[in-house]
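Okay, so chain A shows up in both of these, paired with chain B first and chain C after.
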Partner chain A sequence: MDIATLKTKQNLITGAILLILLILLATLPLYKPGYSVILLSSILMYVILTVSWVIFSGPTGYISLAPAAFFGVGIYASAIIGKAIPFPVVVLIGGVASFVLALLVGALTLRLRGIYFAVFTFGLVMLISNAMNYYEIHFTGTRGRFVMVIDYNTIYLYMLGIFVLLMIAATIIKRSKYGLALMSIGQEEEAAEHTGVNVVMVKVIIFAISAFFMGAAGSVMATKWTYIDPGIAFNPFYSFMPVLMAIFGGMGQLFGPVIGSAIFTYLEEFLITKFAELYMLIFGAILVVSILYLPDGLVGLIQKLWKRFSERKHANT
Partner chain B sequence: MRILEGKGVTKYFGGLAAISNVDFHVKKGEAFGLIGPNGAGKTTLFNVISASLTTTSGTIRFKGENITGLKPYKICRMGVARTFQTVKIFPDLPVISNVILGLHFGMSAKISSAEKTQKAAEYLEFVGLSKMIMAPAKDLTLANQKRLEVARALATKPELLMLDELMAGLTHTEVGEAMELVTRIRERGITIIMIEHVMTAIMSVCERIMVLHHGEKIAEGKPKEIATSKEVIEVYLGE
Partner chain C sequence: MIVTFLNVVIAGLLLGGIYALIAVGLSLQYGVARVFNISHGEFIMLGAFATWMLYTMAGINPLISLVISGPFIFLIGFFLHKTLFRSLLNASPSMNIFESKSMLATFGLLFIIQNIAILIWGADFKGYSYLNVGVNFGGAVFAANRLVTLVYAVIIGTAFYLFLAFTRMGKAIRAAAQDPKTAGLMGVNINQVLALCFGFGAIMAGFAGALLSMCYPIQTTMGLEYTVIAIIVVTLGGMGSIVGSFIGGFILGIIGSIVTTIEPSLYLVVFYFIFSLMLLVRPKGILGK
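Entry: the complex of A and B
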């Protein structure tokens, strides 16, 4: 058997496993409704935020702290137009609104590098949050809004759908020439530009695509909370978590952030329920240890162990 | 035919003129040398041509078309490629991916990705790196990293290639190999502008040489004329 057929066979097997997993996940509400569906929805929320963050920030090394802004725009889109328009359209509009915002912000700020970019993107979260707050106090005279209620199973299925689309988009980007361009930008931006890469365009478009998924996720999750205000919608927490989860999972492979954020979210749930007092303390300790000792994240560790294991197997035979 | 032409090219950094009012032209197919003491403005001129820097005043034409003020990627796609004085490779990408980027985004015609891999391997063989195509670029020696930069530049299918101190920091043998590489690039019909401090190399490779000093052009001509020019000798050796 030559390498090409071996590879297609491998791809088929991976594809089949993924399909079975997807079917299991999609039918979950039928055989395990209730808590597990709610938990998986919030896991999916963090997975989506983290993977979208990694699409752009992983290869380029531009640390964006704007996820909370894009997520929040989706949330507000849902709160403002949710009752008037069919839900799928609401989700689409939430995504598109974040996409457009990212295009504008990206065109302005992606000339900044390193810490300046991180600080600016974080400033964006604060700016939108406070502007919204000001608007609500001075013009509508209310604080916050009610969001239409949707049942947990529907929320879960929407999140799953966004997740699948996101993984497809992320894989396509990673394997395309734009994936290579993003990595070259992260490593030596000037050389990339002189090798024919329109760096500003590539950066802005991918930044906006990543924002699209954050916004879409936000407009779905808004319905779970039923009431939102600027403090909830633009919580800076949603900016930091994707970064931490991506580091925890490892950014070398796409499944790194998926596994990282899934475990992280579950861990958070577990710690909150079991050790409500010590939760933040344990959480912090785990983070410090993983940053110190797992430079390539959880996936890097697994790969290292796997390599050692397979070497030993070869040595025995 | 003039492939590249600069008129009154000037670049100020604050109040300091890094290049002032330089006129130059490069003919199609020739190797054009650029020399001068440190700080003379050679790399600044390269940066201005490749649009790393914008000109303060003056115009630059490539194949008769005004390219002043265009973005670097546009200039690359028009057929002007360059290397850097301090090598700028993509350190964590495999050697071959460094070159494939040029094939994806340069001037080259639309070809399948299998053909691109094939082409990239050809360019790497051309510069003498075929044995290390899968290694991370950062593991290469300086000489090989410079060759990789040349391969990446060639992959964008340039008509004009600008080499910024290709031979600096190389051993004697490596300088010989680099000179041979430049000759082979010219045989492909690619015009070359090179900045170089290794005089024997530039004198034997180039048809014409321009000398910059304090941002001004002080001499231009055949290598022989330059080597015997009183003004040039004064600049290099003092009076």
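Entry: the complex of A and C
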């Protein structure tokens, strides 16, 4: 068997496993309704935020703290137009609104590098949150608003759908010339520019695509909370979590952030209600330890161990 | 009219003094040690709680307890740099990577310090009353503790500026800020200097926290709010510049005070707006190089 057929065979097997996994996940509400569906919805929420964050920030090294802004825009889109328009359109509009915001922000700010970019994106979240708060108090006269309620199975299926689309988009971007361009930007932006990469265009487009998925996820999750206000929708926590989960999981592979966020959300579900401080403490400690000792995250560590293990096997025979 | 004007300006200066002091530490840590310290506010919180504890439990005058709590906070900062940031620095192939890694590590520190504090002191507001008497300024009345705060902020800032300008250690710090490699070649013990700078940044935050605790109620979750203000001030004044921090602090203080008189709920919006505008127009700040 030559290498090409071996490779297609491997791809087929991976594809089949993924398909089975997807079918199992999609039919979950049928045979295991209730809590596990709700838990998986929140896991999917963080997974979507983290993977979308990694699409842009992973290869380029630009630390964006704007996820909360895009997520929040999606939430607000859902709250404002949700009752009048069919739900799939609402989700689409939530995504598109974030996409447009990201285009604007990206075009304005991607000249900023390093910590300036991080700080600006963080400021953006706080600016929108405070401006929204001011607007609500002074113009609509209320603080916060109610979102229409949707049953949790539907929320789950929507999140799963967004997740699948996101993974497809992420894989395509990673394998396309844009993925390469992003990586070259991360390594040496000047050099990338000189080799003919349209640096600004690539950065802005990918930044906006990543924002689209965050916004779409936000407009679905809004219906789970039923009541939102600027403090909930634009909670800076949603900016910090994806960064941490991505670092913990490892950004080299796409499933790294998936695993990282799944583990953390699981941990959160169990600890945050009873031991919120302890959870946050562990969270901080894991972040510091991952940055110090796991440069490629959990997945990188497993790969390294696996490699060492399989090498030993070869040496013995 | 004049009284309102005085009121607004003096209130702005009082606020600006604290803002400046908060920002000096952050500016120093980033300007020299290249650590953009998101956990800066947590050191402010530690300073505030140390002062509160010493005052309510041992009855020690807050202005004197600075001398007791300051060195402790300095040591925390110093050893954090010696351990955590030093190994990050050694492991990072370039300065850019170190900057983003160390910034993310300080996020972790934020959560660690804040939640240890919550486990110890809880999440309620704490406070005490010290020098809470009115002082009249041509019709405008201010609490004495705020005036003391401003005076202290200016004294600490000036002392630190003189230290940097005229002492041998100060020169070493400035040399390290300009070019760490060459400074190392000239015989500056660069690792020591960076750790000292981080410690100095922490002690500034501690002082600011001690002063804040005299004027405002304190809370274990207060840190991030002040970190954000410090970031805005530093962006305004320029990273790594002490004079810039004071200019930025006073500007922001006065703007905050003006906006608060007109429309109190708008001042954060205005702060973020100025901040965003500054980053877009002149990211290095007023006095940045």
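One rule holds in what follows: the second predicted complex is superposed on the first by the 312 of 317 C-alpha atoms of A that agree within 3 Å, B and C clash if a C-alpha of one lies under 4 Å from a C-alpha of the other, contacts with A are read in each partner's own complex, and residues count from 1 in each chain.
Going forward, a contact is a pair of C-beta atoms (placed from the backbone, for glycine too) under 8 Å apart; a residue touches a chain by one contact, two chains touch by 3 or more.
No experiment lies behind these values; they were computed from the predicted model shown.
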Q: Figure out whether A:247 sits in contact with chain B (first) or chain C (second), or with both, or with neither.
A: second
Q: Considering only touches as defined above, state whether A:126 meets chain B (first), chain C (second), both or neither.
A: second
Q) Regarding the shared-chain residue A:137, is it in contact with chain B (first), chain C (second), both, or neither? A) second
Q. Counting only touches as set out at the top, which of chain B and chain C does A:281 meet: first, second, both, neither?
A. second
Q.
Contact-wise, after the overlay, does A:300 reach chain B, chain C, both or neither (first, second, both, neither)?
A. neither
Q.
One more residue to check, A:188. First (chain B), second (chain C), both or neither?
A. first
Q: Mind working out whether A:180 is in touch with chain B, chain C, both or neither, as first, second, both or neither?
A: first
Q: Scan A:196 for contacts with chain B and chain C and give back first, second, both or neither.
A: first
Q. Looking at chain A, which of its residues have contacts with both chain B and chain C?
A. none
Q.
If we count contacts the way the header does, which residues on chain A are in touch with chain C in the complex?
A. 61, 63, 108-109, 112-116, 118-120, 123-124, 126-127, 130-131, 133-134, 137-138, 236, 240, 243-244, 247, 277-278, 280-281, 283-288, 291-292, 295
Q. Across the complex, what residues on chain C touch chain A?
A. 30, 36, 84, 87-88, 91, 96-97, 99-101, 103-105, 107-112, 114-116, 118-119, 224, 228, 231-232, 235, 265-266, 268-269, 272-273, 275-276, 279-280, 283
Q.
Under the definition above, what is the set of chain B residues touching chain A in their complex?
A. 50, 52, 71-73, 76-77, 81-82, 84, 88-93, 97, 100-102, 104-107, 152-153, 155-156
Q | Residue ranges of chain A touching chain B (in the complex, touch as defined) | A | 177, 180-181, 183-184, 187-188, 190-199
